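What follows is a short report on a single structure.
We call the chains A, B, C, D and E, going by the order they appear; numbering starts again at 1 in every chain.
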Amino acid sequence: MTGPDQRAKEPTLAVDGLATHFFTKAGVVKAVDGVSLHVDPGEILGLVGESGSGKSITGFSILGLIDPPGRIVEGSIRYKGRELTTASDEELRSLRGDRIAMIFQDPMMTLNPVLRIDTQMIETVRVHHRVSKAEALERARAALAEVGIPSPESRLKNYPHELSGGMRQRVAIAIAFINKPDLIIADEPTTALDVTIQAQILAEAQALCARTGTAMIWITHDLAVVSSLADRIAVMYAGRIVETGRTADVVNAPRHPYTRGLINSVPSHNVRGRRLAQIPGMTPSLINLPKGCAFRTRCPQAIDACLEPPPISAIGPGREVRCFNPVRDPQSATAEAAP
Amino acid sequence: MYRSKTILTALVAAGLALSAPFAATAKELRMALSAEPSSMDPHFHNLTPNNALTSHVFERLVHFDSKMKPIPGLATSWKTIDEKTWEFKLRPGVKWHDGSPFTADDVLFSMERAPNVENSPGSFATYVKGKTFAKIDDMTIRVTTPAPYPLMPNDLATIAIISKKAASGAKTDDFNSGKAAIGTGPYKYAEFVKGDRYVLVRNEDHWGEKPVWTKVTIRPIKTGPSRISALLAGDVDVIEEVPTTDIERLKGDTKIALGQGLSNRVIFFHMDQWRDESPFITANDGSKIKNPLKDKRVRLALSKAINRPAIVDRLMEKAAVPASQFLADDFFGTSKKLKPETFDIEGAKKLLAEAGYPKGFKMTLHSPNGRYINDARMAEAVAQMFTRIGVETKVETMPGAVYFTRATTGANGNPEFSFMLLGWGAGTGEVSSPLKSLVATFDKVKGMGPVNRGRYSNPVLDKAIEEALATVDDPKRAELLAKASEIAIEDVAVIVSHYQLNTWATRKGMQYTPRADEYTIAMSVSEQ
Amino acid sequence: MSVTDAGPVAAPVRQPAVQTPFARFVADFTESRLATFAFILLVVTMLLALIAPWIVPQNPYDLAQVDIMDSRLKPGTPASSGKYTHWLGTDGAGRDLVSAMLYGLRISLLVGVLSGLIAMAVGAAIGLIAAYVGGRTESLIMRIVDLQLSFPAILVALMLIAILGKGVDKIIIALVTVQWAYYARTVRGSALVESRKEYVEAARCLGLSNGRILFRHILPNCLPPLIVVVTVQTAHAISLEATLSFLGVGLPQTEPSLGLLISNGFQYMLSGDYWISFFPGLVLLATIVVINLVGDQLRDVLNPRLSK
Amino acid sequence: MSMEPLVSARGLSKRFVRKPDLAGRIAGHLGADVREETVHAVDHVDLDIRKGEVVGLVGESGCGKSTLGRMIAGLLTPTEGKVQFKGKPRDALSAAEAHAARLALQMIFQDPFASLNPRARVETIVGEAPLVHGITTRANMTAYVDDMLRRVGLDPELKRRYPHQFSGGQRSRIGIARALAVNPEFLVCDEAIAALDVSIQAQIINLFMDLRSEFDLTYLFISHDLGVVQHITDRVVIMYLGRVVEAASTEELFSGPNHPYARALLAEVPRISTEKRTFHPIKGEIPSPLHPPSGCHFHPRCPHAFDRCRNEVPVLKEIASGHISACHLNDG
Amino acid sequence: MTAYIIRRLMQSAAVVLAMSVIVFLGLHVVGDPVYLLIDPQADQAEIERTIRRLGLDQPIWIQYFHFIKGALTGDLGTSFVHGTSALKLIVERMPATLEIAIAATLMSIFIGIPLGLYAGLKPNGFISKSIMATSILGFSLPTFWVGIMMIMVFAVMLGWLPSTGRGPTATFLGITSSLFTIDGLRHVAMPALNLALLKISLVIRLTRAGTREAIHQDYIKFARAKGVSMGRIVGVHLLKNIMIPVVTVLGLEFGNLIAFSVVTETIFAWPGMGKLLIDSIQTLDRPVIVAYLIIIVLLFVIINLVVDILYSVLDPRVRIGEKAT
């Protein structure tokens, strides 16, 4: 669906060298430090990273939702060619929820508990479009039906607490899709849900994107989820993207030692009952990152050069890795792949 | 729209109501009281604020002048027919507020009702008891007593005369609602909002001198500083019971005038003189001792220890007079011989040593707080003074609610305390009242010494009091009462401290004529 | 052992040294300069109150040292004995105001702190028992707590003082009566929350005794909200005592607290002798403000929901 | 593996009942809608765990797996049924035996933050129970705690610190050390790795496996993560709304799940794949345990449901050796 | 709902019973009102007659029994001091107290919420810090002290407002209140503000705390991500959530307001229930005290009910009665 041949087209979103830092009393937290990525129309980009890797902050930065003490210190975010880092608050506001929407992690917390579903949906329409209340309500109803909510008419009259977690997340997705945005940033939208519900949500999201041509950035810590969903994957570690590429390429042949470690840590990727191939150590503090490559201290194949920060370099079409000493035998990672 | 219109209407109405009395001759007076009258029923409760309020509307046969001398009221004159019979001539031509004429029947009706009001927490029965009223004609009343009774006019000065026609079968609430509040007085009932305001309008048909004010609004403001503030802010014209602390300042205020006068109230101390061991007196080491207050020398020593001029000057802000006896010198039956005990620390110490207490003893002084002017501070000051002569004195103050029960019947029906601060206002305006109540031997049957909380007992004094009470001839009785006072004071039956001065403050241009009975009434406010 | 390849675990770089919860708490607390200042002021105030008898020129509660002749002296007037100066004047009974205020502060703090502590002990015990025992006992206790809380403190105190009479002990009894329920509710609430936490389950799993779990594990973790309540209630108690004194049902006349000093001096407000109630008022206000400031900061520091 | 189960549950049930109070009952008499509400968290479950075995307990939220685990660990009292330890019902144990059983059954908790007392140092957390129970002496406690920490891969130097000074993975290790310190035979791991990052998860899973061989431990491994369960367990039990629907050896279950729910569950587990996948999720949501569906709890979502499923509760039947399943389809 | 009301009723019945027993016994121990009320000149016979007239000669339990018997028929006894029905006395004075309590509540809402919102949205600004510092003053100043200061400044020195007392009343929609006249409002202003001061501080703090907490909630961030304007976020999303604790606390504090009016009414000579109570305590007017407490308990029941209903209106997650258990 996407590929190098389509790169000539203007991407829906292009982030270049984004750095978002938090200026706390304890020091500067470099939550996002030089992230570049892009999504094309209708494409699903999986942004993978563990907690504290800066993946959510990247999402919020795109929407201009970084609050003090955080600040975008560098880089550019271009939505269809429009620069967002310098855009006014009002410009950003008019984009949010209309052209770029977001879905949050915890469905129990994202809907305002004291407002009815219809209120929360209608306002999303009316804040961006001059339509009548009835028209907005109709769109809300349609959006609910679109995400597979049975009897949307009556659901509109409900308060969030009257719905289950899965239902609420569907409502949140419906709100995200209601204005037919060009881009949706989904921040771990299925992490808090049960497996069967997660599968339902994934199915809905996939179908919707395909249907509407909306681009999506799917942020997650779970490689397994994106590997079956995303067109491309970007792996983040300590505020930086360490590897990007088409999903199959990244999963089959991870080049960055971290990506490989991550894939190998997944139990189902190991022989049952055997010790897992684990990454030693823990995620470093973002205030006090190791010099050079942030993964250096945990990396089994670190070399002296890693004391310098590695640049991200293209190693193939649409395939980049940030490593001085990338994994050479990509097959080793997937050799034991199960099932 | 509807709302604003209604409010507007209400405002216009209110405005009219307010502005109407101001037209031409209208003169309104606003007075603030320190206590809240509980009823418009003049027989409901014998209480100063009630009596003061109701005396605007209702009159008595005999009135007290500002010095509490009996003067004609609804009775124009009275005389004794014999030792046990008094005859009162009623004032002719007096009309009730509803226009009906005042007659002897109303008097008999009033005397009948006064002691028997339902739910009364303190009736006038004491003043009616033992008196038989008879109508001679419409304008003449005769009162007979089983024994010679000289205080007849004083007693009858307490009982309001109400209209038989309007008040037959009336309950206290009927007076409050105005239904039965038909009097003969200089003011008519207009409004009674309990705790908020009491409004009176001038009775244009009154028989006597017409008061200046056409409309009187009386409001209770209990807190002293608030009362003063209301006066200073111009919200009221007259306030009573000016806190002594503010007298100095108000004297210097050109917008304010003060009226100050001697009251019928004496502040004194009762001393336990009946128990061999007094509960609140111990030796300095805390061990029990024989009750030292039984020794006259000790009582005298304590009296000498009190610096009365200092109390008057520093504590009462000069709103008091050092006391020599039960009532100030001007009152009927006082002794001209008695002088305030002199302040003499050395003498006091000497007397204590003579009595066998060279190092003094420990004592607790009990006092109410908020019942008399500066009572708690007074107790504290006196305790200081006693401590200086070696009698280490602790002060315990308590709300009147607790204090009077304990002081009267706290210890199995007897007074609980050893040394207590009290005040006495002679309601009858003469000396027999304190003598009979405070220092006569406690005797339930005879009704003597009912509040003799020290249980002082002196047969000589009892005899003197009884003799005086049976003497109808005024000069002779005055002499006997003075004699009795001298016996009591010289034996230090009680320690008297000072007579209170009552202080009223008015806005400039008005003057309050002070009253010894502490009444605050519109008739006493004159215009300058 | 093979597990060690999980690390020599990289020492956390955030905390350079062992940091006790207390040290962390101190660090958080001192983040606000105002609160730190308030805390120091509070300590100074308490110290002053504590050592009052040794630093003031006069024992204002000893009637032999107080003379009515010295009443209402202006600030700066020398004492009649000539040995010292009434820097803040004297009150209506002739007490040196500096002395009276420090003694009054003593009483006010004593009343506030003691009633707070006793109420805390009583309330915390009842709250813990309620949370621990559960069932009907808990319902009963909590209903009583609700009733107590739904009834205005000032009315209860007023009635109690009217019934018990005056005195520091009586005031404390009354204040404990109106305060214990706050503690009971707080402790029960947090004890319930804590006892649902997994570390309590873990302790039970480890076979630790109920008493040990209750007092060594649950109670210490209920302390933060309790500390906040103590500060708030102490300030409240001091203020309530002052109000009761104003209403004439407070402390004995000869041993005035700050509240009683104000309420006595209140009579002089309009007569120009402002100092009699102004200075005690200032000290009372400062004390309560300082306690509240400390309590506020405690609330912020100890509130897990606001922690960074 | 011995045949005698180390721990077994017999007909274990847990019901949570909310009874209306006096006022509620009066209101009920007056016609108000006041009912007693009952949640059947666990409904007649039988389970045997043999010594040295790792049993996985799988199910989605609200299925009662945690409640079951806590009943087995002795933290909750069953409403009905018995837990047997080494063949003896727990309530029939003598005081000393009960004490021993209590220590032998330990639990590892889910939340690495809530499961450690924030006001205790690591040495207290780990050392308190052994000291109280006389497993170690005060004099030897330091050495004992150091040893425990080393075993779970923590630097003993850190033992004077407080929980908030550790990362999630380290806290998990502390929690494991605490349980190990009383020499347990059996560990109930309740979602013990769910809150950890992927890379740390792997470390802890490895730790569990190492400890198992080192101390001859038996595990009940409660998890919703089928990937982990598949990797670590010998046998898997699947629960749905308080009931066991299927149990089998791990290999057999993962190669051939029988119950439609088990099949759906397995199918929907996201796996790392190189292909974009199309999802075919089962319909509907998990019903409220307050009002569970009649008959087979799964019938409203089951693609194969027929009348019998709505009316009759299916019983667990052995469909192959050691493989039991509760589905009416197996009868037809 | 029914269960809830029954529960409330049972609870309040228990309170009333407990309260009345305590007050009866307590006041019995304190003293005899007769000595306060009766004319000092009265002799022993008259004192005893009065005691009989007030029914105080009976053993305390018989007095209590009579009270209960009367109470069941709606008669809460006759005031010793006023000689009229205690209930009537209180009911007559209730409007005045409710007036300042309502005015004070409105003040705390309309002053407290905007200030609290501001302080919560800009927690580090100078103005916010000033607001918070001032609110601590509001907590700390003793009511009586502020009251007299207000009189001195606004009535005596500036002469803007009347010093004490209640203004003229007017009737609007069947309610007679001084809130409906200009002069009445001028009279209400100071006592109400005096009473409100503490509540304003409370509302400021609640609102600020609520704002600070809510602003970090996902649903606010989600609303921002939807492109909703800040005005609507604060005015709708935030405010509706903050109102829940504010209304609850204010409702419950309304009772305290009425209770604390004891102090304010004393200073401002406001003819309300509080002043009646303090006078009655001073004169040991037991029937009034007991009746007052019963009325207060009933008031609390009503207030709690109203608060709970409001609560469930504001917070759809709550069903009436659930909070109470």
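Keep this in mind: a residue touches a chain if its C-beta (ideal position, glycine included) is under 8 Å from a C-beta of that chain, and two chains touch if they have at least 3 such contacts.
All values derive from a computational prediction rather than experimental measurement.
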Going by the stated contact rule, which chains contact chain B and chain E alike? C
Would you kindly say which chain has the C-alpha centre located farthest from the C-alpha centre of chain D? B
Once you count every C-beta pair in contact for both, which comes out on top, C-E or D-E? C-E
Could you please state the distance in Å, as a whole number, between where the Cα atoms of chain A are centred and where those of chain D are centred? 32
If you average the Cα atoms of chain A and of chain B to get two centres, how far apart are those centres in Å? 89
Taking each chain's centre as its mean C-alpha position, how far apart are chain A and chain E in Å? 54
Residues of chain D that touch two or more other chains: which are they? 21, 167, 170, 203, 206, 210
Residues touching two or more other chains, restricted to chain C: which are they? 2, 6-7, 9, 12, 14, 162, 248-249, 266, 269-270
Expected list for chain B, residues touching two or more other chains, is 225, 229, 232, 370, 399, 401-402
In their shared complex, chain C is touched by residues of chain B numbered 224-225, 228-229, 232, 243, 245-246, 248-249, 307, 310-311, 314-315, 369-370, 376-377, 379-381, 383-385, 387-388, 392-399, 401-402
The residues of chain D that touch chain C in their complex are 21, 70, 73-75, 99, 102-103, 105-107, 109-111, 114-120, 128-129, 132-133, 150-155, 158, 160-162, 164-167, 170, 175, 178-179, 182, 203, 206-207, 210-211, 214
As the complex stands, chain E meets chain D at residues 1-4, 6-7, 10, 325
Can you list the chain C residues touching chain D in their complex? 1-4, 6-9, 11-12, 14-15, 18-21, 24, 139, 197-199, 201-209, 212, 217, 220-221
What part of chain D is in contact with chain A in the complex they form? 60-61, 167, 169-170, 197-203, 205-206, 209-210, 224, 226-228, 230-232, 250-251, 254, 264-265, 268-282, 285-286
